[in-house]
Amino acid sequence: MKMENNKRYEAGINVMEELFSQEVRTGMEEIKKISPDFWNILVSFGFGDLYARETLSLAQREIVTLTSLITQGAFGQLKVHLQAALDNGLSKNEIIEIIIHCAGYVGFPKAVQAMSIAGEVFKENE
Amino acid sequence: MKMENNKRYEAGINVMEELFSQEVRTGMEEIKKISPDFWNILVSFGFGDLYARETLSLAQREIVTLTSLITQGAFGQLKVHLQAALDNGLSKNEIIEIIIHCAGYVGFPKAVQAMSIAGEVFKENE
Amino acid sequence: MKMENNKRYEAGINVMEELFSQEVRTGMEEIKKISPDFWNILVSFGFGDLYARETLSLAQREIVTLTSLITQGAFGQLKVHLQAALDNGLSKNEIIEIIIHCAGYVGFPKAVQAMSIAGEVFKENE
Amino acid sequence: MKMENNKRYEAGINVMEELFSQEVRTGMEEIKKISPDFWNILVSFGFGDLYARETLSLAQREIVTLTSLITQGAFGQLKVHLQAALDNGLSKNEIIEIIIHCAGYVGFPKAVQAMSIAGEVFKENE
Amino acid sequence: MKMENNKRYEAGINVMEELFSQEVRTGMEEIKKISPDFWNILVSFGFGDLYARETLSLAQREIVTLTSLITQGAFGQLKVHLQAALDNGLSKNEIIEIIIHCAGYVGFPKAVQAMSIAGEVFKENE
Amino acid sequence: MKMENNKRYEAGINVMEELFSQEVRTGMEEIKKISPDFWNILVSFGFGDLYARETLSLAQREIVTLTSLITQGAFGQLKVHLQAALDNGLSKNEIIEIIIHCAGYVGFPKAVQAMSIAGEVFKENE
């Protein structure tokens, strides 16, 4: 089955360039070697169809993304999205505030872990 | 143990008045009859300490809240926060967009359920 | 933003016709009235891009779907997929066996709830 | 495959009689009609192998059970275990305290929902 | 309490020998040193009562297992079950397809993490 | 916004001294450098408002805490709470028993992971 759709794929690549550094994108491309189809879906749908939509800014989308990652405990991908959030309009204080707000909604264990990872990212950006 | 802290409690009540209608707040007070201590904690900490903080607007806090509720499947409380979001600066289109973005992060089952509940809330606001 | 993609949408509609009865599909279309964009994504991506892929049969895909719904506690959508599983090659005994296997992986509370819902679906199919 | 194991099954039935009223047990037996094997596993393993073990009292086991149900949002089974907890050595105040403690570990949405259900159970026990 | 049940235990050991290499099984036996009772339960119930049942093949059971592990984010045990799946009748392409299908049900963060781990396992099997 | 509340903060520090070693507390204070506000909330609310309450002993509270951490898969914080449990009245056998009971409520993947971590903690306490 051919799933490639050039416009959607290109829109996805454009969003990824706004969100992530070259280094992060190169790391992500490991997925392409394991499954080109999954890579295509990730880029075309995840970034092309979803992130490239209007109505919400990239900063607002990162509020959704960070909150969802923290709530589901998907800490492996929190770091790159914390950096993306900093690079796309959220301040360090706003990120801290999102995590503090989350404490009341998901409990302290996940909030504390998120804050530790945020601490690492903030240090790399000093 | 005395946990009452008038300033924190008052701050919480103020936020709740901004977020929820009288009817919703009366419903919430059922909790007070079951456990006055838990009610105190919910108001003073949940709303007084967390929602009343600065740095994020109530609209931004509702983006966090809606996303966390959808991600953890806590649909019982989604309705009042969808209404609170509409009443505090998020448009119908922005809410739809949050749910669409969530689809990529939490999968379709929870996103579809959230969209159905949003549909009910939108209808009540027509 | 235009997201319509006729081939993908048509593939999704075709899969949905294989999986669900007319009645179920009419119920699902409520989503279209709330957000035509989300409906388009659900059909084109969820069913067109994912379910319409090759390599796994629809019966195997329903094993994945049922297991994921049970594991995440998304019981609101379990009923239609239990029916879809029965209609696409899984026997009643195989479905029971999936739920029993799940008990060891997700614990009894979710397995018991899934079995109750399966009981209702089986009764409707007698 | 024969999985029946009389001693384990009997131990399970004995525990269930300590934990649940006749009415609740009759309700649970609906599972037996859907899948006798699953019923056997539930009784022999869930109650016979786990609950009938020593080292922890039934009251302590209900602390574990209530906490796990609240944390995973399995509210459908919370009511019978709240009643079992009351009947096996936990006081109303201890149950409230478990839910309050949970608020810090799982967040307020699930704690609030648990407290509402506890309120219903307390009312039935007045 | 004596929980040993030779037939169930032996059935479990037999399944484990089909599923896992000697090296993996030796690693698992660390559990036996911490709690012989838990080891007994894991082998007799988890593998003896559940995996050794009929109706579903080991390959089908691994579809359930992989999906449940991915959905609950239990990535620590994904690797041994990916290898078990490859060794018991699922192809590399079928595993990739399960993960792609999961993306729509659990979201991309968990699907991407699963795909990375699958990539490692595939490399070890080249 | 001033959130400091000396009595609540002091109560929290007192509980933390009962629960954790100096070394663990020093590690936790890393959070203070990232966000003094979050640290204040964690100490004053998490430990001062919740753990310092009466009705449940610290040992009973650790049953709740361990169960919730295992159920939500928050293994990063399990180790310090396993040690706290051992230091505040739960025996090694009671901890093993909590994990075994959890197996039936959350499934084996999380129970096995918890047991491995418990094994490490037990070894450090020999």
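Note that the chains take the letters A, B, C, D, E and F in the order they are written out, and that residue 1 is the start of every chain.
We take it that a contact is a pair of C-beta atoms (placed from the backbone, for glycine too) under 8 Å apart; a residue touches a chain by one contact, two chains touch by 3 or more.
A quick note: this is a predicted structure, and the numbers were derived from the prediction, not measured.
Shared contacts of subunit C and subunit D, meaning chains that touch the two of them, come down to A, B, E, F.
Chains that touch both subunit E and subunit F are the following: A, B, C, D. Here the spacing of subunit A and subunit F, counted between their Cα centres, is 30 Å.
Distance between chain centres (mean CA atoms), subunit D to subunit F: 24 Å.
Touching two or more other chains at once are residues 37, 41, 45-46, 53, 68-69, 72-73, 96, 100, 103-109 of subunit F. Chain contacts in this assembly form a complete graph, since each chain touches every other chain. Note for the complex: subunit E touches subunit A at residues 73, 96, 99-100, 103, 107-113, 115-116, 118-119, 122. Taken together, the subunit B residues at the contact with subunit E in this complex read 103-109.
Looking at the complex, you find that subunit F touches subunit A at residues 30-31, 33-35, 37-38, 41-42, 46, 68-69, 72-74, 76-77. On subunit B, the positions that touch subunit A within their shared complex are 45-46, 50-51, 53, 55-56, 60-61, 63-65, 67-72, 93-94, 96-98, 100-106. Chain contact summary for the complex, subunit E toward subunit D: residues 1, 3, 5, 8, 37, 41, 45, 49, 52-54.
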